[in-house]
Amino acid sequence: MNQKRLKTLLQSLKMGKTTVEEALEALKHYPFEAIEGAHIDHHRSLRKGFPEVIYGEGKSAAQIGKIMEAMARQGENILVTRLDAGKATAVRKKFPKAVFYPDARVLTLLPNPLPPRGRGTVLVVCAGTSDIPVAEEARITAEVLGNPVATLYDVGVAGLHRLLSQHKTLTQAAVIIVVAGMEGALPSVVGGLVDKPVVAVPTSVGYGASFGGISALLAMLNSCASGVGVVNIDNGFGAAFLATLINRL
Amino acid sequence: MNQKRLKTLLQSLKMGKTTVEEALEALKHYPFEAIEGAHIDHHRSLRKGFPEVIYGEGKSAAQIGKIMEAMARQGENILVTRLDAGKATAVRKKFPKAVFYPDARVLTLLPNPLPPRGRGTVLVVCAGTSDIPVAEEARITAEVLGNPVATLYDVGVAGLHRLLSQHKTLTQAAVIIVVAGMEGALPSVVGGLVDKPVVAVPTSVGYGASFGGISALLAMLNSCASGVGVVNIDNGFGAAFLATLINRL
Amino acid sequence: MNQKRLKTLLQSLKMGKTTVEEALEALKHYPFEAIEGAHIDHHRSLRKGFPEVIYGEGKSAAQIGKIMEAMARQGENILVTRLDAGKATAVRKKFPKAVFYPDARVLTLLPNPLPPRGRGTVLVVCAGTSDIPVAEEARITAEVLGNPVATLYDVGVAGLHRLLSQHKTLTQAAVIIVVAGMEGALPSVVGGLVDKPVVAVPTSVGYGASFGGISALLAMLNSCASGVGVVNIDNGFGAAFLATLINRL
Amino acid sequence: MNQKRLKTLLQSLKMGKTTVEEALEALKHYPFEAIEGAHIDHHRSLRKGFPEVIYGEGKSAAQIGKIMEAMARQGENILVTRLDAGKATAVRKKFPKAVFYPDARVLTLLPNPLPPRGRGTVLVVCAGTSDIPVAEEARITAEVLGNPVATLYDVGVAGLHRLLSQHKTLTQAAVIIVVAGMEGALPSVVGGLVDKPVVAVPTSVGYGASFGGISALLAMLNSCASGVGVVNIDNGFGAAFLATLINRL
Amino acid sequence: MNQKRLKTLLQSLKMGKTTVEEALEALKHYPFEAIEGAHIDHHRSLRKGFPEVIYGEGKSAAQIGKIMEAMARQGENILVTRLDAGKATAVRKKFPKAVFYPDARVLTLLPNPLPPRGRGTVLVVCAGTSDIPVAEEARITAEVLGNPVATLYDVGVAGLHRLLSQHKTLTQAAVIIVVAGMEGALPSVVGGLVDKPVVAVPTSVGYGASFGGISALLAMLNSCASGVGVVNIDNGFGAAFLATLINRL
Amino acid sequence: MNQKRLKTLLQSLKMGKTTVEEALEALKHYPFEAIEGAHIDHHRSLRKGFPEVIYGEGKSAAQIGKIMEAMARQGENILVTRLDAGKATAVRKKFPKAVFYPDARVLTLLPNPLPPRGRGTVLVVCAGTSDIPVAEEARITAEVLGNPVATLYDVGVAGLHRLLSQHKTLTQAAVIIVVAGMEGALPSVVGGLVDKPVVAVPTSVGYGASFGGISALLAMLNSCASGVGVVNIDNGFGAAFLATLINRL
Amino acid sequence: MNQKRLKTLLQSLKMGKTTVEEALEALKHYPFEAIEGAHIDHHRSLRKGFPEVIYGEGKSAAQIGKIMEAMARQGENILVTRLDAGKATAVRKKFPKAVFYPDARVLTLLPNPLPPRGRGTVLVVCAGTSDIPVAEEARITAEVLGNPVATLYDVGVAGLHRLLSQHKTLTQAAVIIVVAGMEGALPSVVGGLVDKPVVAVPTSVGYGASFGGISALLAMLNSCASGVGVVNIDNGFGAAFLATLINRL
Amino acid sequence: MNQKRLKTLLQSLKMGKTTVEEALEALKHYPFEAIEGAHIDHHRSLRKGFPEVIYGEGKSAAQIGKIMEAMARQGENILVTRLDAGKATAVRKKFPKAVFYPDARVLTLLPNPLPPRGRGTVLVVCAGTSDIPVAEEARITAEVLGNPVATLYDVGVAGLHRLLSQHKTLTQAAVIIVVAGMEGALPSVVGGLVDKPVVAVPTSVGYGASFGGISALLAMLNSCASGVGVVNIDNGFGAAFLATLINRL
């Protein structure tokens, strides 16, 4: 039962065409039906102009193109993640205005880019050059979600001087996304240098006993620095989404 | 080389008793030494009046008492976590003003409680009655850290009506801490109902294939709802600390 | 907004004291609120006379006694699982009519036992004598849930003759619960002998590479016999509950 | 010793050509030999007209074709699972009447389709669009096994309104197959809304800490909702087979 | 239908009181029933005088005593494994002739000890002094099963000279049981020095990354020496049983 | 120092050209040097005519050809395992007398085949058709090692009648190799039917929670039937080698 | 603030253009900034002439070429690890003087090779021929880092005589790198024969329960021989680097 | 055949009482026998005055006392590790000169303490106060092994200033033992600050996803800093032993 039918029912009741008992009976299934659509508006405030997100992995270029077409018709901003270069080329033939970031494997189509807002800057930090693709997925997502974004790349814990010399940048951010593979120690170090929320992203960078990111993931969950929240391995998008929710409070 | 010695050096230089070359040489090790104390002031703004935290597990009542004594002498607020009832009784003989929360296994001694502040309410949600000890550790920590706190307990996903009927409470919170063991599904459901940051705490509640909380931990890391950051198993304290950093932005 | 208030609203609308617009506004939060209580009646048909279940692990005898008191006042059947002998003795001092099954670690208090119903017999099979506690938890649960129950114990796959000689019992059951630890092979063998649903329960029986039941659990999930559904390690109660749902279809 | 030889022996005994001792000796190995064929008729009632099943993974198109030929000669219904598109094309050249479902990677050849029967509808529910292939394997299997089938796709727990608005469909099913990857929370939620058996199928959908479906599998085994039986990761076929056994009781 | 009833049936048939058809019908369930008892005589040749085995873990002294009483009445040899000293004392009060081996946690009661037989000597080798309890369980089991047994203890791979200087003992054995914890390397080394079957027993000896014997277990399964069969962690009894079967061929 | 130089030294001593002290000094390093070659003759008795084994995985056809050439020149029997069809074709161009078994991925070149010997028959049993490649690796290896070999394929535990009807074959074997994937239950069942050593081979057959053979491996290590020794996953060769050592005792 | 600006500041202070207070304020951020560059000279002594290292995995030939060009311009020695043959060919077109080691997947370009130095020889030992690629990565790295290097390959524990006969080589080394896959037992054996530091490198050589090197890794961590330090799976480079640090003390 | 008998044989040969052939025959088993004792002198140089080590875990006070008595009679230095306070008290009644370190759970009895030697200082660093017991086991071991030792405790990565301010101490050490639990990041940071070998010791400190030290262990194996060798979890003794071997080169 949608809003229109509910209104009709109430009018009918008011006009005496329906008894109270009939109306109560008719409303029996209403809560479950009504819950669809009108009343769960979660993320709505966030979503104003927010790009729709397509997870590209496991979808063909054709499938992606089809979904984008429907969205584009309504003038929506679009963000495609986990998209390899081959598919991106195919997609961009249809949507020449789309921008592809090969490192981040992200494609954007932003007819109405969001103006920067939020309480401060989202800083994206990563440990090694191999972590950059995940860091870039976070950076681009955070930007299209409307955050001012800064980056600090290749500042792993085995060369602390690079991180420490950027102390000012660290302390000026509102939220810090820290991306690291291998031993995943960077969020602990960053978390110890600042008093801001740290969103930690383990990456699958490494070999042998890195076990595809498990090593980094465990390190981050066991961080001796308080104030660190962890997302899934390689989940740059999710980190940026969480950072945006934090930055928009 | 501390600030005082640095000042003396500069004065000596100014007065011509020291050459520029001698001063440069004297400053050679300064960066490492100076970094101690004065310049890493992380968490300081947060810490004003903030309780010092003692992790009670594996420490004897005598050891805890000793640490508390030193802190108490300086009038600091104190929070002891993971403290069992036996030790608490012993500690409270020395510190009769300390308050012990047996469910949460937390003890507080707060000569100067923090006044509530932050952008909004920290809401602590938990799935089952067995998760309450961890939820309470989060609640009490969040309160002594100065947040307005609300709770919603025993609203697990197998009885959705309990959660849904509290929809208003959910949407009014600034940050939501979600505590769950077993299948750890609650953060996904909550994350889908609100557009606020969710801090997920897996608990070791369960048996068999719950593997001491691994099952819940994995579920939370794989949450299909965006905006969820995960902390270590049973880490109610850490969740509250992260929520406080977010709430204070 | 409960049913009564809804009725008042509709009457008020009917009598012209409320406009349609006012009624629509008043119903805005109704779906979420109404979902509590009245409309999620799951398990209700099953629950008629069905015992309330208390998970005894981690609860004190006092806590359990308190919960039982509230239930007993309303004349409900009660089933307590995972209860050790010490607590049981304490509980039975308060409730002398309660029956304790030490093997199964189960206590029942059944003022109004359910009469047997369901499409057929629930057969509980177990591999070794060490699996009997879990099998008994399943048997007693299935009985108090109102199923005709039969058992076939100590018929492990290393002595197939014991199982095969009971072929008739197997083929006459409506649902079969198979309980096994160690290599957990029994559900595959039973599933190959019958064309009835098999509910497999791995147990933590074993040592070394049995890893507390993981070995049996994996074996059951990989059963080469179709028609096997698996529940958590040592979860005799859950198996009986599922078997009851199947038997009552 | 087959039935015919047994009869001859008994006749010979009756006619005095064989002594009782000779007959006893001759019957010494009979139990093991006789057990083949005649007396293990498991699944026979189910199998009347039931398709033979070929697991396509790891078999070449040629091998599959050969097996199908032998079956087709006897007019049997055939179901091939885990068949990729390339092999399907090759197979269908030989069997033009075969139907291939690319999403489900299933091929059917049904000269004598089973008429729908069973106590009710088997409902197949899945969490995300990536889970659809496994859900479709379950749906098609359930259909060719002769069940009335309904589906409810893309109703994951992060958007509960979609699931709740279909409450009626859920409560009307006899058995519910719930397919989910990532955090695998859907069976718990569905199990909490209905009082029917739930067959849970974890899928390998996800990345990072989903560990190829382990995360979803563990969540389902730890479901806080009773009445859930779990099958192997991605095992849509097995879920449908179990659901059929339940529906046919 | 047991042997006696079968004989009666055949006699009845012979005497014309029963028709062939009636006899066939009566024999319909015979294979499954007959399989019990008479026809699965596995381990029978081995078992002549062989001790009955009781797994002591998780059984009370009273339970063990009861089982032993029943066995002892029939003059059987008895072997109890995994028995701690406390229970052993209690058991020996009832059975003063029983012998308890505290290291091996094994108790024997052998009214009719088996005379040594088998093709050769079973040699039990262990790596460190901490592995001796498991080695002793193997040694005593092998002895009561009637094998000539020799031992070579504390010859771990970090001190190869101890093992190599006993080269002759190694080459003279018929079967070698090798017991080792920690890195579990000894079976590979022994397997490389002899051309006899090696039964490898990982032990739970070690700490940290020994993971309760997993490390040793994996090493043995990956042995670069051919001719090594592995049993469960700490399973000295099982190793001796397998060695006996090999030695008796 | 080899045998020749040792002899020269002793002769020199005898002839008075060397003192006893000089000889002792010269012999100081002798034990380590002498251990090479002459004194470790393990497997020698076994190896008479025994094929040399080449593990084909990860070696190119050219590398394998080169190794074979060297061996062939000395008239040795050769066994290549884990060889895919492509490489086999290349190898057989050089060695047209070599025989390739595509299922087993094994190639043999046997100028002097071993005559059958050993105490009895090695029986190779496997659970499903997908396990046949590993079973065939075991069968061919056992044959070229000179054992009489029999096979019993596709007798998995979900269809016990197939196994039981072959009871006689089982009881007549000297050693039984049991190959199974998925739940790995077959060795337990076979071990319960016979009193002969069982060599269990888990296979990587299965999907999802079979975890590449871990499930089957664990089941076999936890076998409730005594007398089972386990080898590595898919290690058909190793099982046959161990069975040969047992059969030759 | 770099060294130059610091000097200017001090001179300005000396000349009276700056007050002490102004200088102190200006030096406030100095420690963090100064830490970059000048004061963390770790590995500097080691690095004199030391090759720069490029991890080739996951980098394209073009990317590698670009990095090498920048380095080559400054006359630096270069070491590329984890480089496959295809990329190596492409790289060598640009740098014809570069040397590629296909087994080790290592490429070197050494305009100024380091002269051998260090306290003694670094000995690289490996268990099987399949471990040679990792051993070679270690050997070449150790050589280009300026160590005298010796090797002892294919001396696995299943053929101890090969290792023992080289006892002298073992005892003469200053540091021993031991490379092994499968059961990873070699470091324990070597560690027991010498009194020198052993750097253990597990390799991913093996199949089934070797789990990509986990089995070897665990064995090495649990080594019963003291004096063994372990590096990551397949990390030949890291082992050589650690051995160099030890050898240069 | 020991040295004495060898000498007699050679004299007999020299005197013509034995032929060369007889001597050769007599020497046939000599290599294996001779290898015992005289010729494997590993660790001998190290062991001069070196304490004998007793692993206290799992040994009773009586057993330890007995072993110590035998050693003490020969005037040896003794080191007992993993000894709890209760046993220590009992042991010290017998050996009043023994010193017990309750934190480290180490007991020493040093009639002839080793004078400090080695190329430099062994520095023991630990992350948190809970890691101190393991660090102390390392410190005391390193001292009784004769190294100059320094310590740097409670310098975890979440408070880098404490570590950095001790930069000089770090750079002056010859070998650094780094002890850390939880996320185990400290060895990476230390390894990046110095050019000395780092011996990393993961500890079981932590809870939840620290998995008894696995998290720290994995982090250390994946260290992005080169020059780090890892020992088993909580193995302070082993780290000190390895450091001693390195320091004595």
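Which chain is which? They are A, B, C, D, E, F, G and H, in the order written, and residues in each are numbered from 1.
Quick note on the criterion: contacts are C-beta pairs under 8 Å (C-beta built on N, C-alpha and C of every residue); 3 or more make two chains touch, one makes a residue touch a chain.
On a predicted model such as this, the values are computed, not experimentally measured, just so you know.
Colleague: Quick one: which chains contact subunit B and subunit H both?
Modeller: A, G
Colleague: Give the chain pair, either A-H or A-B, that is connected by more C-beta contacts.
Modeller: By the number of C-beta pairs in contact, the winner is A-H.
Colleague: If I list every residue number at the interface of subunit F and subunit H, are over half of them used by both copies, so same, or under half, so different?
Modeller: Same: most residue numbers at the subunit F-subunit H interface appear in both copies.
Colleague: Please identify which of B-G, F-H or E-H repeats the interface of B-H; the criterion is that more than half of the contact pairs agree.
Modeller: E-H
Colleague: Centroid from C-alpha atoms only, then distance subunit D to subunit E, rounded to Å. What do you get?
Modeller: The computed centroid separation for subunit D versus subunit E comes out at 40 Å.
Colleague: Round to the nearest whole Å and give the separation of the Cα centres of subunit B and subunit E.
Modeller: About 54 Å, centre to centre.
Colleague: With chain centres defined as C-alpha means, what is the inter-centre distance between subunit C and subunit D in Å?
Modeller: Centre-to-centre distance between subunit C and subunit D: 25 Å.
Colleague: Centre to centre, by mean C-alpha position, how many angstrom separate subunit E and subunit G?
Modeller: About 50 Å, centre to centre.
Colleague: Going by the touch rule set out above, which residues of subunit F reach two or more other chains?
Modeller: Residue numbers touching two or more other chains: 29, 32, 35, 39-40, 159-160, 164, 192-193, 208-210, 214, 217, 221-222, 232-233.
Colleague: Going by the touch definition at the top, which pairs of chains touch each other?
Modeller: A-B, A-C, A-D, A-G, A-H, B-C, B-D, B-G, B-H, C-D, C-E, C-F, D-E, D-F, E-F, E-G, E-H, F-G, F-H, G-H
Colleague: Any idea which subunit H residues touch subunit E in the complex?
Modeller: Those in contact with subunit E are residues 29, 32-33, 35-37, 39-40, 55, 57-58, 202, 204, 212-214, 217, 232-235.
Colleague: In the complex formed with subunit E, which residues of subunit D make contact?
Modeller: It comes out as residues 3, 6-7, 10-11, 13-14, 16, 20, 23-24, 27-32, 34-35, 39.
Colleague: Which stretch or stretches of subunit A touch subunit H in the complex?
Modeller: 127-128, 156-160, 164, 182-185, 188-189, 191-193, 206, 208-211, 214-216, 218-225
Colleague: Which subunit D residues qualify as touching subunit C in the complex?
Modeller: 35, 39-40, 42-46, 119-120, 164, 171, 174-175, 192-197, 199, 217, 221-222, 226-233, 237-238, 241-242, 245-247, 249
Colleague: Taking the complex as given, what residues does subunit D use to touch subunit A?
Modeller: 130, 159-162, 164-165, 167-168, 207-210
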